[in-house]
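Letters A, B, C, D, E, F, G and H mark the chains as written, and numbering starts fresh at 1 in each.
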Amino acid sequence: MAVEDVLQAFKAGELTLDEATAGIRRSYFDDIGHTVVDYDRKRRTGAGEVVFGSRKSASQISDIVANLVANEANVLVTRLDPEKHAALTGLPADAVYHAEANLLTWHAQKPDTPATTVAVVTAGTSDYQVAEEAALTAEFFGNKVMRINDVGVAGLHRLLARLDDLQTARVLVVVAGMEGALPSVVGGLVSKPVIAVPTSVGYGAAFDGVAALLGMLTSCASGVSVVNIDNGFGAGFMANTINRL
Amino acid sequence: MAVEDVLQAFKAGELTLDEATAGIRRSYFDDIGHTVVDYDRKRRTGAGEVVFGSRKSASQISDIVANLVANEANVLVTRLDPEKHAALTGLPADAVYHAEANLLTWHAQKPDTPATTVAVVTAGTSDYQVAEEAALTAEFFGNKVMRINDVGVAGLHRLLARLDDLQTARVLVVVAGMEGALPSVVGGLVSKPVIAVPTSVGYGAAFDGVAALLGMLTSCASGVSVVNIDNGFGAGFMANTINRL
Amino acid sequence: MAVEDVLQAFKAGELTLDEATAGIRRSYFDDIGHTVVDYDRKRRTGAGEVVFGSRKSASQISDIVANLVANEANVLVTRLDPEKHAALTGLPADAVYHAEANLLTWHAQKPDTPATTVAVVTAGTSDYQVAEEAALTAEFFGNKVMRINDVGVAGLHRLLARLDDLQTARVLVVVAGMEGALPSVVGGLVSKPVIAVPTSVGYGAAFDGVAALLGMLTSCASGVSVVNIDNGFGAGFMANTINRL
Amino acid sequence: MAVEDVLQAFKAGELTLDEATAGIRRSYFDDIGHTVVDYDRKRRTGAGEVVFGSRKSASQISDIVANLVANEANVLVTRLDPEKHAALTGLPADAVYHAEANLLTWHAQKPDTPATTVAVVTAGTSDYQVAEEAALTAEFFGNKVMRINDVGVAGLHRLLARLDDLQTARVLVVVAGMEGALPSVVGGLVSKPVIAVPTSVGYGAAFDGVAALLGMLTSCASGVSVVNIDNGFGAGFMANTINRL
Amino acid sequence: MAVEDVLQAFKAGELTLDEATAGIRRSYFDDIGHTVVDYDRKRRTGAGEVVFGSRKSASQISDIVANLVANEANVLVTRLDPEKHAALTGLPADAVYHAEANLLTWHAQKPDTPATTVAVVTAGTSDYQVAEEAALTAEFFGNKVMRINDVGVAGLHRLLARLDDLQTARVLVVVAGMEGALPSVVGGLVSKPVIAVPTSVGYGAAFDGVAALLGMLTSCASGVSVVNIDNGFGAGFMANTINRL
Amino acid sequence: MAVEDVLQAFKAGELTLDEATAGIRRSYFDDIGHTVVDYDRKRRTGAGEVVFGSRKSASQISDIVANLVANEANVLVTRLDPEKHAALTGLPADAVYHAEANLLTWHAQKPDTPATTVAVVTAGTSDYQVAEEAALTAEFFGNKVMRINDVGVAGLHRLLARLDDLQTARVLVVVAGMEGALPSVVGGLVSKPVIAVPTSVGYGAAFDGVAALLGMLTSCASGVSVVNIDNGFGAGFMANTINRL
Amino acid sequence: MAVEDVLQAFKAGELTLDEATAGIRRSYFDDIGHTVVDYDRKRRTGAGEVVFGSRKSASQISDIVANLVANEANVLVTRLDPEKHAALTGLPADAVYHAEANLLTWHAQKPDTPATTVAVVTAGTSDYQVAEEAALTAEFFGNKVMRINDVGVAGLHRLLARLDDLQTARVLVVVAGMEGALPSVVGGLVSKPVIAVPTSVGYGAAFDGVAALLGMLTSCASGVSVVNIDNGFGAGFMANTINRL
Amino acid sequence: MAVEDVLQAFKAGELTLDEATAGIRRSYFDDIGHTVVDYDRKRRTGAGEVVFGSRKSASQISDIVANLVANEANVLVTRLDPEKHAALTGLPADAVYHAEANLLTWHAQKPDTPATTVAVVTAGTSDYQVAEEAALTAEFFGNKVMRINDVGVAGLHRLLARLDDLQTARVLVVVAGMEGALPSVVGGLVSKPVIAVPTSVGYGAAFDGVAALLGMLTSCASGVSVVNIDNGFGAGFMANTINRL
């Protein structure tokens, strides 16, 4: 319950003073021992808490999801591999697991959908999983997403063939591994913000995404900013933030 | 001249066929030997070519600026240290050199000003030069900029005292060296996009900005994307791109 | 036996000269071939030898523990994964294995408990295992430990809600992965020493804890010192050392 | 003025309401444009704001020092090289510049002196400057400091000759470059906390202090924590924090 | 003199046995104390010895050049900064110093010129010096060089305007700093070998050319191989080797 | 079908206008959803598209191969481990899997064979797999390959015994791990281009091929250029490009 | 057979000319396809070829060992894990597998034993495997080895108790992980050469042995040189080389 | 004075008890405030204390040298640049400054000279300074040194021409920058210990000597150990230690 709801319920005698006090506190965060679920985040940042699934136990994640569901908050769990997903308990029946991106989503209420579009562009087929994490995250928050796949710089005509699509989007997430050159080329072709996502695709001197990361940070194109290696979630979130301006 | 103007002039007989052909080509770019000035960039990306002053000779920069001025394009030269600035020749009389940020600016025509504001926030006084590069770049492109200085995370109350200001901005550039924690904290307090700029402030394990860069890339806050170390220009440019959406 | 005990026993005729000589030597250390158990360490440093379980075989660890138990020394084995623990032989019946932190403990005699408290603070739920290594280590040496979980900087109100608790502790262990910003923020809020523990939580540019490590080393807050990545044990030990001053 | 003093003065009619309001705000921090001086820090952390001189202009530092002096706060400026010191204006006549450590100090009131002692230990003569930064910082905050110089591990008898001195101190700052082994050895000889300071002394694979830093972080001795490379100030500050417990 | 010449002269009685023996040895190399000039290299590798000027004293370089001139070998000195060049003694009157690339050249006999062309392509004006080192090296060995400047990937139309030129060359040297993406794009447009040269142009995460180096090594285009950062000489040499096949 | 074939068929009434339009587009690339197969690449670069098998699913690879086969294009899949190969479906019966190099090959039409030879040279037996990737790639494109194995620099006489063979080749691929010195030695013995391939053979300071990579990039021999660590494919491709000049 | 033996057998008519020619060649090396076994190495370097087992297949190793045995050369295979050892075929019945160090040894003839001793010293029990690789290698070449275990610098008295032993050895191999400080301390106590071996023992900032490696390279003690991380073999070999002087 | 001399002088009445006590202490070390000169080192390690000149002030070095001279100990100061040398005071008239290697030497008594020889071998003329540091250090300790210059691996015949010289030496110091391959080749040609010294010669991916260092550590030749980058002193010292066995 939001603070306002607690106050109204207290005034209406539906809650005791103790219940109201605890409810107000919980409207900010709910301390469940191993985790403090942040219910104020949506008010502050426009988007509710997201659960980073890595290094949390299935039991801890199940607790958090249950708490979110009980509080009617939308649920997004990232970095949830299939084994851990299978070990979760008490999930809502209509929660959806996206194995291609290791995401779990569930909506208490659907978000509204902005009129403009987010483009998610990949340099190669091997960048698929990271790109899907970005696209599904943007969709989770209500955005329309246009996927433009496999248009890396070694075959420019494939990219140029999609130029109109690129220029249609209000914000572009550009996903690339290896040398990570695609955001530089795209950044030189559009007037909208480009969120570059380096991926760990490649071997040897790709250093698990470092080559792509450095390439994107030092891009000769302006209007490009960068998120962490393989951080499709972060890019999708940022795209939502910008698309909602 | 833009392509349309060339065509009209040709039709009107003011240009020969050869002059029209050359003029059309130049409306895309002008090859002056050491440099190919990109006059199509503004159409593609919404912002004209910017001159990266590092590693170019004073003579080369003077040539490029003269070409831009002759073509009535706005001029922004970055990374122009005072010695090289002093060696430039043929600058317009009303060109402005911003020594605090190593920038040169000149406007053929003033850009329009968006209604919303860009905030440029610094963690400490030592981040001043990079922050000014960001702020002056955003202003060069016509934005209103609010500067919020020295609100690093070791003294949270200084930051919280400016919370209303932070939440007013449409996009925030957050500049920090050392551990670069400020964007994480700001990102948790606002609903607008945060452009994080790591600076090379610090010593030892700061590794000339690497600590701050890694910190910002791995931020636990969402809605944060990152530009290169000390890249105030890139952040200011990105802020303009977003602010104009 | 301590040197004094050996000397008394020798004087009393309970030990031969050879036995006394060997006993005195063993009071300093006991050479069991693959390992030299350091019994003098407690006298020098105030805390007995601790067994680093990594890269030792189960057989070697079993030998060392047996030697410690026979000499009535307290036993702490770190970095002991469940498989290796299962392979140990001859453990005392009341030895305790803490699977959540890969620790084995056994006490010959309980240490005294200082009046003041050690706080163990985590930025996120994913830092749990490292934090438990710290907390259990501090408890092994007799300290009272207050656990404050999941108060990372992206949700400051969760941290500020525990401010009184933070200021109560005599020494604080602050555990964080990703950008590792929490010790900087905590260090700006308390007057007591902060031991920062970077964790390997995160991916990509987190570089298995390097981002957090560098962030903590370059903290803009004073009164923060740092231990190795994931070194909960070292932080717990240091906290004990300081808490006993 | 502290909040209490402002309130009393207001009650006594010595201040108008506006003066009192501004005064209360300034008791927390004073915003002088480029810098926000944090006057609440001493209350929170037990030690007032310290000025990091690097990357600040002489003019900015002069402003900050003048503000501190006007508010009767003690002054410590670190990383102040002789040229910048010479360019400062308006310093109090009795400010002291310590060229051997690039520090400026001035006291509005002398701090009290704890009964126990801080030891500052160096591995070699080349570590002198960093060690002095630590020692002078500790002395600035009122501590008695014992300097033990040039007792590196390649000549153990020099170290063992000072063993009694080492064991006398309540907290030890151990400064070493190159392989940085001294804290490991000292840590195995004392029961008090050791603050290890890696220095950039060395060449080649010393990598400006990285070798020493890694060595100290991975020390086989317990009870050692580490600060940034060449961060004598941080070690001296931490030593003061611990010595005052 | 080549071995054959020595033998003929000996047979003709123009040389004594000792003179012939020494001459034969010198036809392989000439030991002048600090340096062993390799006169056999041209026979083995098709190109005579080149003098790496860095870290050699002016006196050493003068000795080596004098030896080469006396033996009628062509002279190429690289990494010769203007100060060191000014300090050389005994240079042939017609030696040429190329200040824009820190090269000194002198020809005993002009090499023949292959029919095909080497292209030297730069991403930006800031890459000029490295590109000239490559171009002048290729020209030193007799090649025709086509320079294509400032066609970086953020303005693709500049590059595509030169497509015919690019496809004309038999081998392409592509020089780029920052993210180093140009070789990937060029490699996708031509069927000839591309030698990629990363430059140290850029700052921050460019890491003095590392970003460009990694980008080129991990290029998604095939037919690209890489030389050291700023190694224009190596690229020009390799281009000559390939152009002469 | 090539564009010319489509046009002829359309003129002959064998294709409708829609079929012709689609056919022309497909002659450039074929968008199959997850992947855009680049059929124009062969015309541009002289070699058809190669499939990088890593991080693509067996289903995606099967789709791409089927598309290539249907279009009568030769097939080369790299980085295809045995498990993924076993999971492919619909392969042509005469496709060949080379388990020693994780390659799959199939030819629609055999390429012509240049008269000259590519040498593939290894420093040690442990470099075998990478060398085979290079040799089989060069053979896939029609080249004759001479393998020279296990001639590392610690036993020079083994290398010198093959000197004539080395000097026979028109281009040399030199594969080495550990310190990667072999290309430097070979480069000093031949007049043909050397493509150096660092391998990840070695441990500790070999850093998975970094030591060899750096060694090859900084080779004191000229005429050496470098591809990514373990990139046998890239070296074989480059050798083909050069051998066909 | 050595060259001399072949010549004698040829003179005696026991070998044909072809057999003699092939035999002489084989006395230098034997090319078995994937590998060129270097039989001249023993003459050149005093020690026969050693087989690096990593990245070679069991079949390749079996071939090489068979060749060595057939030529009556001693056999040492390093980095041979138990699975690969189990897969070898045709081993001599008296070949010995040392699972504790992943070594296989077999002697055609026992080497002579120098009068002086090699010491192998470890910092901790976790360094055991690497130390055994060194000790067994030295023993393979005929040396007497004294093992001194678990005398790391955090318990100096354990080391000092073995001072006489340390000073007895003619060459010392000192093995340590973590901060790798032991060679510095030992180097300051003995007048004989110290071969330092960093191990990958440790975690976090130990970076798989990098911390120890850098520590040893920058040791403040003289008379210390270093081999690769975990390179017990190299240290044992070097110790043999020195011990035989 | 050595302890024995003090005792004799005391017995002879030439010293008082206090003088004898102080003298005995000084025979171990002499504490001169900023430095503790280690006079026992020669007894322990066979070689007296050497002064590392870097980061010590001229005044500190002058003090140490004066103390050594007064105690009739030989003097070697390393890393003493010409400016600092010029600022030293009170040097013995016959002290020798070796500007080519930044060394100062003075002998109280000449060391004896071993019968065998140390070879110092360089890959290129640019390695001269480091090699001289090694050669002069070895000569300082009394060794005969053979210098073999400029025999890098790109011109093998230059190296092979000196093979007899190489095999004559009892220990070899091999100095190389860039890829650092020379020790591997030399190590495969001799049976004596090779001390490899990486130099910071090179640029770009040489990373100030890192490429050479890694190359030497991962050498495929056995019997090679390594010292720090540019550490000619350490190599010369180690060579002396081995040559005196």
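Everything that follows uses one rule, which is that contacts are C-beta pairs under 8 Å (C-beta built on N, C-alpha and C of every residue); 3 or more make two chains touch, one makes a residue touch a chain.
Only a predicted model underlies this, so the values are computations on that prediction, with no experimental measurement involved.
Between A-B and B-D, more C-beta contact pairs are found at A-B. At the interface between subunit D and subunit H, two copies of one sequence, fewer than half of the residue numbers in use appear on both sides, so the contact is built from largely different positions. Looking across D-H, C-D or A-C, the interface that copies G-H in more than half of its residue contact pairs is found at C-D.
Rounded to whole angstrom units, the spacing between the C-alpha centres of subunit A and subunit E is 50. If each chain is reduced to the centroid of its CA atoms, subunit B and subunit H end up 53 Å from each other. Taking each chain's centre as the average of its CA atoms, subunit B and subunit F sit 42 Å apart. Residue positions of subunit H touching 2 or more other chains: 41, 124, 154-155, 187-189, 204-206, 213, 217-218, 221-222, 228-229.
In summary, the structure contains touching chain pairs A-B, A-C, A-E, A-F, B-C, B-D, B-E, C-D, C-G, D-G, D-H, E-F, E-H, F-G, F-H, G-H.
Only residues 28-29, 33-36, 38, 40-41, 52, 54-56, 60, 64, 79, 198, 200, 208-209, 213, 228-231 of subunit G touch subunit F when the two sit together in their complex. For subunit D in complex with subunit H, the touching residues are 124-129, 149-151, 154-155, 157-158, 161, 201, 203-206. Taken in their complex, subunit C has these residues touching subunit D: 41, 44-47, 50, 170-171, 187-193, 195, 213, 217-218, 222-229, 233-235, 237-238, 241-242, 245. For subunit G in complex with subunit D, the touching residues are 123-124, 152-156, 178-181, 184-185, 187-189, 202, 204-207, 210-222.
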